[in-house]
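Take a look at these structures.
Each of the next two complexes has subunit A plus one other chain: subunit B in the first, subunit C in the second.
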Partner chain A sequence: MAVPPGVSTRDWETALRQFRQAVGESWVFTSEDDIALYRDAYSPLWGEPEERLVSAAVAPETTEQVSVVVRTANQFRVPVFPISTGKNLGYGGSAPNLSGSVVIDLKRMNRVVEVDDKRHFAIVEPGVAYFDLYRHIQERRLNVWIDCPDPGWGSPVGNSLDHGVGYTFGAYRDHFHSHCGLEAVLPNGDIVRTGMGALPGAKTWAEYRYGFGPTVDGLFAQGNLGIVTKMGFHLLPAPEAYQTSIVTVPRRRDIVPLVDLVNELEHQALVGMPEYFSPLGGFGRPGPPPQELVALMQRPGGPTDEEFDRYAQQRNAGAWSCRLQFYGSPKVVAAHLEHAKDRFAAVVAGSTFQDGELLRFPLNAEQLDRVHKVAVGIPNMSIFSIGARTELNPSPSDGHLWFSPIIPKSGEAVLEAQRVFMDAFAKLGMPSMVSPFTMPATWMHRAFIFIMAFPISRSNVAQNQRTRAVFRELVKVAAEHGWGEYRTAPVFQDEVMAAYSFNNHSLLRLHEAIKDAVDPNGIVAAGRSGIWPRHLRRTRA
Partner chain B sequence: MKLGGGWWMVGGGSSLASLVAAVWVAVAGVPAHVVAASARQADATVQKGNEAYQYWCATCHGRGPGHPGTVALTAKYRGALPGVLEERTDLTPQTVRFAVRRGTSIMPFFRKTEVSDADLDAIAQYLTRRAAAPRAGR
Partner chain C sequence: MPSRREFIQAGLAASVVPVAFPVAESARVASVPHIAAFSAHRLTHVVCDVRFGCSRAVAIEAARLGLRVVSIDGDISDFWFNDLAPVWRTSPHAIAGLTAHGPLFCLERFGWDHGVRVVFRGEHRFEGGRHVEHSLSGPFRTIAAAHGTLVAEDWPTHLTRLLNSCAVTHDTASTTVRGAVEGERERDSADALVTLFSWVIAPKHAEPAAARRA
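Right after this comes the complex of A and B.
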């Protein structure tokens, strides 16, 4: 049996006995087969000695049980690593930063504590999946939407705590931003509630997030000061109708006013999540690029903007498009769409709109089949169609790794990111994952994510090693341009945190000072986000 | 654990399992009331397996668009086998358990707090309910 690092066999046996007393014999997992289920299925370290593995898993059912388990862990200095439900694929799965940690698996804490469809909030435990919360709302015919990420099996608590994102409207898609109040078990076993939750008897826990005094909620997201056992979330009142419209602009340089105008519409809360793409190429296009484009791309220095424009004109295509999403009553949707058209007509010559069908809720079966479900708050798993075996992808990889740098929400920044990363891939001597048509992800309300997915193999160690080297180089390249990753797998968290280095890493130094004060034995999620407890901290160069 | 609805939409599984159990036990010469009890138990397990399947598996392996597991298996077998797992008659309990606990391709494995051993056994029984007939008769 694996023993956690720094723990004597005798203490480990005592701790395990106390874990079993706290949660029940059947909810402590120590067999090799059982703990293997806590590996990161998409680990870039799969099968290598450095792969992050766990020594055991403990699955409490209540906050009080979590508290007892944590007290025991603290007493014997057993490192623990909390997980909720879902998979966190591409960002580390359920594997800890520190091998030998005990996973505290919160799946059994699966209660929807409250949903209010007049004041529009929910309070849930970590084991509740988006599927569960959606079903709870549907079964009771409550008049609220949830905002869900791509995979519906995830946890609103876990997703928001890793700064996860969704697809609908404004701040709702920034899941941590839309949270309101949380309950956490501290490393000494103490239970704390934030915001109005700190006031016994308050009915506004999930409505007013600040309560009184400094707010500390952010320290628990991508942090390691405690184990979150409940969270409140603001919910969107269900809209009556939904419509998309694709705006297309003709010239390559039109990307600048395109993004500026969409920002204006979005930040005025007139549209939901915009989705950018280029009609000329980019993600998901089947088959090889046209010869003419290949020839253009191979010219020294690449094509000029005018050459791109001629190429687009020859194909009777625009340079860039954006799918706008309108929510509200049919009258509101029509008015917002009309306003968007007016703004583009005034600013971008030659812009065109292609309107989708106005959909009224509830949708019928045929509409449900063709709508982008997450855009209308319906959790599902269709995202895995990308990456799964298909006719066009007959030999898929075993998984993927996300590289997710945050860049400014501007057309200039997109063009710069394209250039910088294409150059970086050329210098690394590998096929570029970025093209002159690559557009960023728009899940964040106020920034772009210039996201890329690297394939992961469970059998090709050399490929994974190469991928890790490339990934580390891209982290550096991004940082040189002021771009930092918003989220990453444990294996890269030290490097990513190191890039946030203002004033000799003063932010990390603050995190470490807080960590030492709140968790002096360094038992909770050691190394999370590059924040290590004192006894495991390496000397910074 | 709370399971998803919709299990009633897939008919036939339970009665087939009862028949299989009855044939197998009758051959072994077990009294009729034991046969009936076994059949009820098999019914219940298949139903439980159906519910667990709809909750944990059908979101990827269901029918219709937007189900990546079905897309992947359709591409893999190119018509030689159905892409929808519930339509397969060649699955064995071992195959089902292996896929859930080891993962395959981009499908990850599932922890026991998600799919318990009991649920997994029931899912395996549900997915092999059609294959069980000739096997039991041997």
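Right after this comes the complex of A and C.
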């Protein structure tokens, strides 16, 4: 059994004994079989000495038990790393930043405290998965939707604390933004509630997020100042109907007005999450690219915009498309769709719309099979349906690593990101994961994520080392252009935080000052987001 | 390899035949005598990934054994939400299947939270359309029995019996068996494009019954 770093064997044994007294013998895990479950399944360090491993895990059932466990950890300076359901795949899973940490596994805290379908909110514990909350709502026929990520096995608390995102309306799919009040256990074991939760007897925990005074909730997201044990969330009132429509614009430069107009519609809350793609290629296009396109792409300097346009015209295809999602009553959906068509007709010559079927809720089985489930608030696991082998990903079952730089929500920024990252891959001498058709992810309400998935191997250490080197280089390239990652695996968190360097890293220095004040022994999630406790700062950061 | 029509018919049969463990028990004893001497997990579901001929063959044999067959197309969402989660929440039971990696990956991790683990894992990789290599790990007796059975062309049928007879023991083993591939059709099927995984997920003895409150 591994002993946490900086902890004597005697203290470790005492701490374990106290953990067991707090949560019960059965809920302290120290065997190799058990703690292996907390490895990051998609670790880019898999099997290497630097892989982030845990020494033990403790699974409390109540906030009070969390408090006792944390007090014990603080007394013996045992580093702890909290997880909700531990499904943060591609961004670190349930593995800690600091090897030897004790995972505080909150899955047993799985109570849905409250769901109100008149005031449209929920209060849940960290072990409640999206599936659980969805079941709770369905079984009671409550008139609210959840906004869930894809896949849906994570938890609202964990996902929002990692700045996770979903698929419906902007106000809901930024999951931390949609939270409203939280409860947390501080490193000294003290229990704190934010917002209206701080007012005993208040009934507005999940309705008014600020309460009174400074707002501190954000310090607990991607942070290491405490362990969140409850959160409130705003929920979307269940709409009556849903319809998609795909707008296509003919020319490559039309990406600029396309994004501008979709922004206008989205920021007016007339459409839900837009999904961009190119009919000419990119993600999701089946089969190998046509020879003519390959020849165009291989020309020195690549094709011009005019050549792209001619290629598109010859195929009677547009240059760019966007799937718009409309929610509301059938009348509202029809009006919003008509308005969208009017705006495009006025601004982008040659734009066309392809309307989907108007779906009324509840959906029948056949409609459920066809619909993108997360777009209508249904958690699912279909994303784990088979991954095909490709040259870039010979072992799709081994997992992937997300590279997720935030870029501006504009067509110009998309074209620039394509060019910059294609150049970067060329300089790095590896096949480009970006093409002139690559479009960003649109989960964020007010920004794009120019996301890429790097394959991870469990058997090829050299490939993982190469991937890590490329990843680090791309972090630098992105930063040079003002793009920073919104989330990343522990192994890269120091580099990513270092890129947020305004005024000699004043943000990190503020984080460190707060960390030292709130967690002087540095026991909670040491190193998370590149924020190391004082005693590890020089050696780790 | 069964056709889709045969498979659907078997699925229909499975859906109308009540789960009949006595039949399954006798079939198990007859087919795998070396394992019959000790208690196996009773499988509540056998998961079949209908995209793959080998998995459809497993479904047919499982139905013949009286086991409840669950058909998926790589997506375990409905099975998890409607069938498995409600059962595992109160009483974790054993399940088995032959699927692509994704369904196993999901079910294994769901299982961790409910006190069940993968106790048998097989990796079935097609090699050039001529052979299939079975890399297996699990209880010693199950692995030992595999040597005599998975070399045949109808290995999915034998595999089903192995899965149905798998019992958790402290002595585990691993092995690799090279088997034949059934016919020209199999070589061209979707099976050859992926590695398939057979598995049994079952309560692991001497461990907490469940990681969730009942």
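As a convention for this text, the second predicted complex is superposed on the first by the 527 of 541 C-alpha atoms of A that agree within 3 Å, B and C clash if a C-alpha of one lies under 4 Å from a C-alpha of the other, contacts with A are read in each partner's own complex, and residues count from 1 in each chain.
As a convention for this text, a contact is a pair of C-beta atoms (placed from the backbone, for glycine too) under 8 Å apart; a residue touches a chain by one contact, two chains touch by 3 or more.
The shown structure was predicted, so the numbers you read here are calculated from the model rather than taken from an experiment.
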Query: Putting subunit B and subunit C on the same copy of subunit A, do they fit or clash?
result: clash
Query: Thinking of the overlay built on chain A, is A:42 touched by subunit B (first), by subunit C (second), by both, or by neither?
result: first
Query: Who contacts more of subunit A, subunit B or subunit C?
result: B
Task: Identify the partner contact of A:465: answer first if only subunit B is touched, second if only subunit C is, both if each is, neither if none is.
output: neither
- request: Quick one: classify A:135 as touching subunit B (first), subunit C (second), both or neither.
  value: both
- request: Have a look at where A:382 lands relative to subunit B and subunit C in the superposition and call it first, second, both or neither.
  value: both
- prompt: Which of the two partners, first being subunit B and second being subunit C, lies in contact with A:61: first, second, both, or neither?
  reply: second
- prompt: Looking at subunit A, which of its residues have contacts with both subunit B and subunit C?
  reply: 27, 33-34, 37, 41, 59, 85, 87, 107-108, 110, 127, 131, 135, 152-153, 373, 380-382, 384-385, 387-389, 396-397
Statement: The subunit B residues in contact with subunit A across the complex are 1-2, 4, 55, 59-60, 64-69, 71-73, 75-76, 101, 103, 105-106, 108-114
- prompt: Contact residues on subunit C for subunit A in the complex?
  reply: 51, 73-77, 80-81, 85, 100-103, 105-106, 109-110, 112-113, 117, 193-195, 207-208, 211-213
- prompt: Taking the complex as given, what residues does subunit A use to touch subunit B?
  reply: 27, 29, 33-34, 36-39, 41-42, 57, 59, 85, 87, 89, 93-94, 105, 107-108, 110, 127, 131-132, 135, 152-153, 369-370, 373, 380-385, 387-391, 393-394, 396-400
Message: Which stretch or stretches of subunit A touch subunit C in the complex?
response: 26-27, 33-34, 37, 41, 59, 61, 85, 87, 107-108, 110, 127, 131, 134-135, 151-153, 373, 379-382, 384-389, 396-397
